[in-house]
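Shared between the two complexes below is subunit A, which pairs with subunit B and subunit C, respectively.
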Partner chain A sequence: MSNRTTTVRAGRRARPVRRRPLWQRLGPLPWLAPAVLLILAVVVWPAAEMVRTSLRRIDTSGTDHGPAGLVKYHKLFDDPRLPAVLTWTAVWTVVVVGLTMLVSLAMAQLFNQDFPGRKVTRWALIAPWAASVLMTAIGFRWMLDQVSGVLNRLLLDLGLIDHARAFTGDAGHAKPWLVFVAVFVSLPFTTYTLLAGLQTVPAEVYEAANVDGASRWQTYRKVTLPLLRPAFLVALVVNLINVFNSFPVIWGMTQGGPNADTATTTVFMYMLRGYDVAESAAMSVVNFAVVIVMVLLFLKVSRWNEEEN
Partner chain B sequence: MNPRFLLLSAVGVAGALALSACGSGSGSSADGTTTIRFVAADYGSNGQHPTQAYWQGVISAFEQQNPKIKVNLQVINWNDLDTQVKTMVQNGNQPDVLQTGGYADFAKNGLLYAAQDVLSGPTAIDFIPSMARTGEQDGTQYGIPFVSSARMFLINNALFRKAGLDPAKPPRTWDDVTAAATALKKAGVEIPLGVPLGKEEAQGESFIWMLENHGGYQDANGHYAINSQANVDTFTQLKSWVDAGLTEQSPAAVNRTDLTKDFASGKVGMLNGFPGQLADLKDMDVTWSAMPGKDTAGKTTLGVGDWVMAFKKGGHKDQIRAFLDFAYSKDNTVRFAKEYNLLPVTQSALTALQADPDEKALQPFLQVLPTARFYPLSDPTWPAVSAQIKTQIGSALTDPRKTLDALQQAAQQAGQ
Partner chain C sequence: MATARRFPARTVLLTATAWALAALFLLPYLEMVVTAGRPADQLRDDAYLPTHFDWSSFTEVWTDTTLGQNLQVTLLVAAGSTVLVLLVALPAAYYTARVRFRGRKAFLLLVLVTQMFQPTALQLGLYREFYTLGLLDTVWVLVFANAAFNLAFAIWILSAYIGSIPVELEEAARIDGTGRIGALFRVTLPLALPGVVTAVIFTFIAAWNEFVMGLTLTTSPDRQPLTVGINNMIGAYSVQWNYVFAASIVAIVPVVVLFAVIERHVVSGLTAGSVK
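Entry: the complex of A and B
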């Protein structure tokens, strides 16, 4: 079907184009060129360079010892830590994005109500967004510290624990806190996006639902949620990519450690860079592929939804 | 996009090109002056005693004596130094002189001048022989020692007395350590024994404990032996201390800098210390002693050294020699060691510091320095292996055998 469309379009366009001289056909180029050059320079070239690096043999001094073929990919996939890193990356993305969306839906609903002090609370919500994520992460890292952390002090003074805990010391304890902080910093953006979506829902629709005798839950499910879909999808895809690529939260709190126990693929890539640039580039390529697959999947799913409606 | 934007971006690109051209300020100019590029590590902490100021002083004095040579200085902090130097080498833009933590991979790739090419006779023979030997790779010296440091066991006397222990009798064996740590824990000390196996300095902390059980990273033939029985036993012992709650809760996540701060605030009973702590501990009652060994007090300790090396690329051998001879004069080396509480690498500075009444605190370290053992610094795979040890060896506290086996395998694969 798409083939036919192009032929038709090309056929329709062909006549006027033939009459115009070449220099006129190139007319739009000066206007397009900066954007094209920009994309070539900041997207295509680094990506090509990344793939090239992953196929070289580069030692710790930075000296290039020639082509390595797929050796670095084999080395990467042989790393016993990789399966755990991949699993944790998937869990991390799903859990953080899921929780963020859920909590944000509720918070957007709250902030859409009229209540005294709404303005102030809306402003307050921006705070985690305005603060640098790395700063927030380092702040939490020290609040959770075993020796000087304020949380240990609080729990000790309240008599809830009998000795100080290292909340970020091992994966089991650290992971829930990492998720908590990641959700905390993702909430403002998501809530505001959903809030903007809620405000576009016209009041008449609710009136109609009311007249038809829909319950509150029915109204929310059958009216609010479908109308909120565009905003919801935007928030979802931005969060998915952001959280998947998230670096500062994990790096600021555990640096992916101990070992690579709390590292996602992005953090793991950074850890590899310390001793093997090429293997790190191979990890980047894998990461890049995953993001592209995620985007394609998302496009497919969102279009499928549209067709259904 | 409008033409004005185009113009602006063109100006931007041209500016960036001009800036990057300035960045590599090395070479000779028309009036016969030669500029050499010098990249050094930053030893200053908390913004005090910036290393930039030290080198600036040395350089302006040097340039006054040698009007034909200019030195272009760049001081980079330790966290970024390796990456930045790596990038310089990758881009073929290496400095003429580099001062950093290791030299082996540069030497292996034939990027460096031999030390004898860039040091005059009197400077070359002044180095402490064991130090100079550590700078050798395949019989030629490439690494020029810059400063050194050594580790000693450090005890908080007040906490020891509180636990009913005598700080004048520090633990000599691992059994003594167990007994002392148990007593400290009973007395309510938060961290009886500090074991910082976080990635900042895990390769050093591990090596010390390995050495006290006659283990190490390599065997006598220079082959990696990370998973030797001695090393597995060492980590089994460390694990038993961790499991008994005698250390901080998760040593694999604790970095040395943080733990030494906890020590300075009186929360740690004992740990492996280094002279850099002296400034923080000036008003504290502490004991420095020999490392406790598995069965007897340790006869050796970990020595670490930082290195100067000269790159061939710029071809400025004579200018580099002039600068290094000046930088290694006794006044300069003594001043640097005193400023940053580091140990000297030259005989003349060692003698001067031993005779210096102001440097009493440094004396125990100067004494153990000749017995110190170093990392396998001349092995070109060591930088990569060391980086992996830093992040992974903390896991050996959970499963010694498995972690050490994995590291041994990684070490054997390194450099392939």
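Entry: the complex of A and C
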């Protein structure tokens, strides 16, 4: 293995101070190639294929009828449903992520306190985290059922509504519930991440604030929040990416309907695929551009810039 | 001081809030159990609880739906992609943890970016790629796709664990006459076992729960994974909700139990890219 040219070259470039001469002689290639190949085949290729498909004429059976230029992009941007889909996607992402972060801050603070049953109650959060999001969404769809949904029953009994509603039947009623469920499934990860962040705050800092006579709220705002910033930012961007891409919540509850009234871009591109693959690809490319912006944002807020000097 | 008087009241309030929240988070799953246990003629009742429970849905759902086949597909996909992830991630994690080489940062960046590119965003490209390759509607396509999108988590967590094991231990074993691979398997891997277990369980759960790629890349009802099978049940003309939730419970319980095992390590794996 060591007489391969690639191996020898990489070995010479490695930093000389490390105390592992044997490993330095091994090139990275045999170790990393399987991972790189898998990523190329299943992540990079589809991304390229998506762009290519958006520039072709492809019928519903999948047959390619040659180049289409930007025709499919024009078709997409002329689609009367698109403005509403884009607006809803933006509102959806901002509202779900915003609420998730706010509620998680409070929940992390709560579960960081000492009280009877802290461990048990924390464990309850695992269910929505571990269970498939699709199934949680289907569970809520059933609980919101107009005839036999337990939430309809509960809201009636509490006098909050005067008759059973078809909560997932129209966009106006469905959207708040979609947001609720998306926040519900995002809270466990976010709360746990912030909890991990809270645990890195040294106790002396709180003691110092206490000695200086700071109130509880002052301590939280001036001491806890700034120290929580790294964990908060990472959770924020991970949530942005997850919520923007979220498919199962909407699919499980309304399938993007009625029409495309509750569809975000990811749901809309799945709906489009049924009758125009290339237009769906154009939607995917637009969607993917937003994802790339978010990834760049992540790299900025994470410590990637500082790693190598 | 006032705090002395206020403290117990505050604790009571905290405890009550926390327990109420915990109940809220479990409620949807408890309602699934209740629904699965409703007798068929009480499914459309709006009473909170049925007059009696009938658990026959848990046996009938296996014969009346494709649940058995769907579960088999999911098991194959989850196990297959977990094995593939380990085979691919272990060498990469080991090498990046032990050696500072040119391109190390570029490689880690590539891995991090794949964690951000989710299958949902790439579904159309995946569909077109595997259509071209003639692999749609097979277990293989789901094994490869699930492995690729969970690779990042496995590499992060394994790399962190291996990096925390002193290299001297391996060197000592090599001086004692063990080969390099032997040292890796007899010294490093056993010490990195918590990391390996976390990576294995996390990948298994993620592949088990995966929905979008199953929906996009498979079409035959008996070749689709569990999540898609359950989704198909609610697409039917008249939905048998007791079957839907009996199947959901079969799908949820194993992963919640597995997740509880690795809960402590998951946050670090999911956010590792940012601090590495």
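Here is the rule we go by: the second predicted complex is superposed on the first by the 259 of 309 C-alpha atoms of A that agree within 3 Å, B and C clash if a C-alpha of one lies under 4 Å from a C-alpha of the other, contacts with A are read in each partner's own complex, and residues count from 1 in each chain.
As a working rule, contacts are C-beta pairs under 8 Å (C-beta built on N, C-alpha and C of every residue); 3 or more make two chains touch, one makes a residue touch a chain.
Quick caveat, the model's predicted, so the values are computed rather than measured.
Participant: Is A:62 in contact with subunit B, with subunit C, with both, or with neither (first, second, both, neither)?
Facilitator: both
Participant: Return first, second, both or neither, reflecting whether A:196 touches subunit B, subunit C, both chains, or no partner chain.
Facilitator: After superposing on A, A:196 lies in contact with subunit C but is clear of subunit B.
Participant: Which partner chains sit in contact with A:124 here, subunit B, subunit C, both or neither? Use first/second/both/neither.
Facilitator: second
Participant: In the superposed arrangement, which partner chain does A:108 touch: subunit B (first), subunit C (second), both, or neither?
Facilitator: neither
Participant: Taking the superposition as given, does A:260 touch the first partner, subunit B, the second, subunit C, both, or neither?
Facilitator: Touch status of A:260: first partner only.
Participant: So in the superposed three-chain picture, is A:275 touching just subunit B, just subunit C, both, or none of them (first/second/both/neither)?
Facilitator: first
Participant: With both structures placed on chain A, which of the two partners, subunit B or subunit C, ends up touching more residues of subunit A?
Facilitator: Answer, by number of touched residues of subunit A: C.
Participant: Pick one for A:49: touches subunit B only (first), subunit C only (second), both, or neither.
Facilitator: Once the two structures are laid over each other on A, A:49 reaches subunit C alone.
Participant: A:147 contacts which: subunit B (first), subunit C (second), both, neither?
Facilitator: both
Participant: Applying the touch criterion given at the start, work out whether A:34 contacts subunit B, subunit C, both or neither, answering first, second, both or neither.
Facilitator: Once the two structures are laid over each other on A, A:34 reaches both partners.
Participant: Across the two complexes, what residues of subunit A are contacted by subunit B and by subunit C?
Facilitator: 30-31, 34-35, 62, 147-148, 164, 273, 277
Participant: Across the complex, what residues on subunit C touch subunit A?
Facilitator: Listed in rising order, the residues of subunit C that touch subunit A are 11, 14-15, 17-19, 21-23, 25-26, 28-29, 31-32, 35, 43-48, 84, 87-89, 91-92, 94-96, 98-105, 107, 109-114, 116-118, 120-129, 131-132, 144-145, 147-149, 151, 155, 167, 171, 174, 180, 205, 208-209, 211-212, 215-216, 227, 230-231, 234, 241, 244-245, 248, 251-252, 255-256, 258-260, 263, 266-268, 270-271, 273-276.
Participant: Over in the complex, which subunit A residues touch subunit B? Could you list them?
Facilitator: Spelled out, the residues of subunit A in touch with subunit B are 30-31, 34-35, 58-64, 75, 80, 146-148, 164-166, 168-170, 174, 254-261, 271, 273-277.
Participant: What residues on subunit B touch subunit A, complex-wise?
Facilitator: 1, 3, 5-6, 9, 82-83, 85-90, 105-106, 108-109, 111, 190-191, 198-199, 248-250, 252-254, 258, 262, 267, 380, 383-385, 387-388, 390-392, 394-395, 406, 413-415
Participant: Show which residues of subunit A lie in contact with subunit C when the two form their complex.
Facilitator: So the residues of subunit A touching subunit C come out as 10, 13-15, 18-20, 22-24, 26-28, 30-32, 34-36, 38-39, 41-43, 45-50, 52-53, 62, 107, 110-111, 113, 115-118, 120-121, 123-136, 138-143, 147-150, 152-153, 164, 184, 187-189, 192-193, 196, 230-231, 234-235, 238, 241-242, 245-248, 251-252, 266, 269-270, 273, 277, 280-281, 284, 287-288, 291, 294-295, 298-299, 301-304, 307-308.
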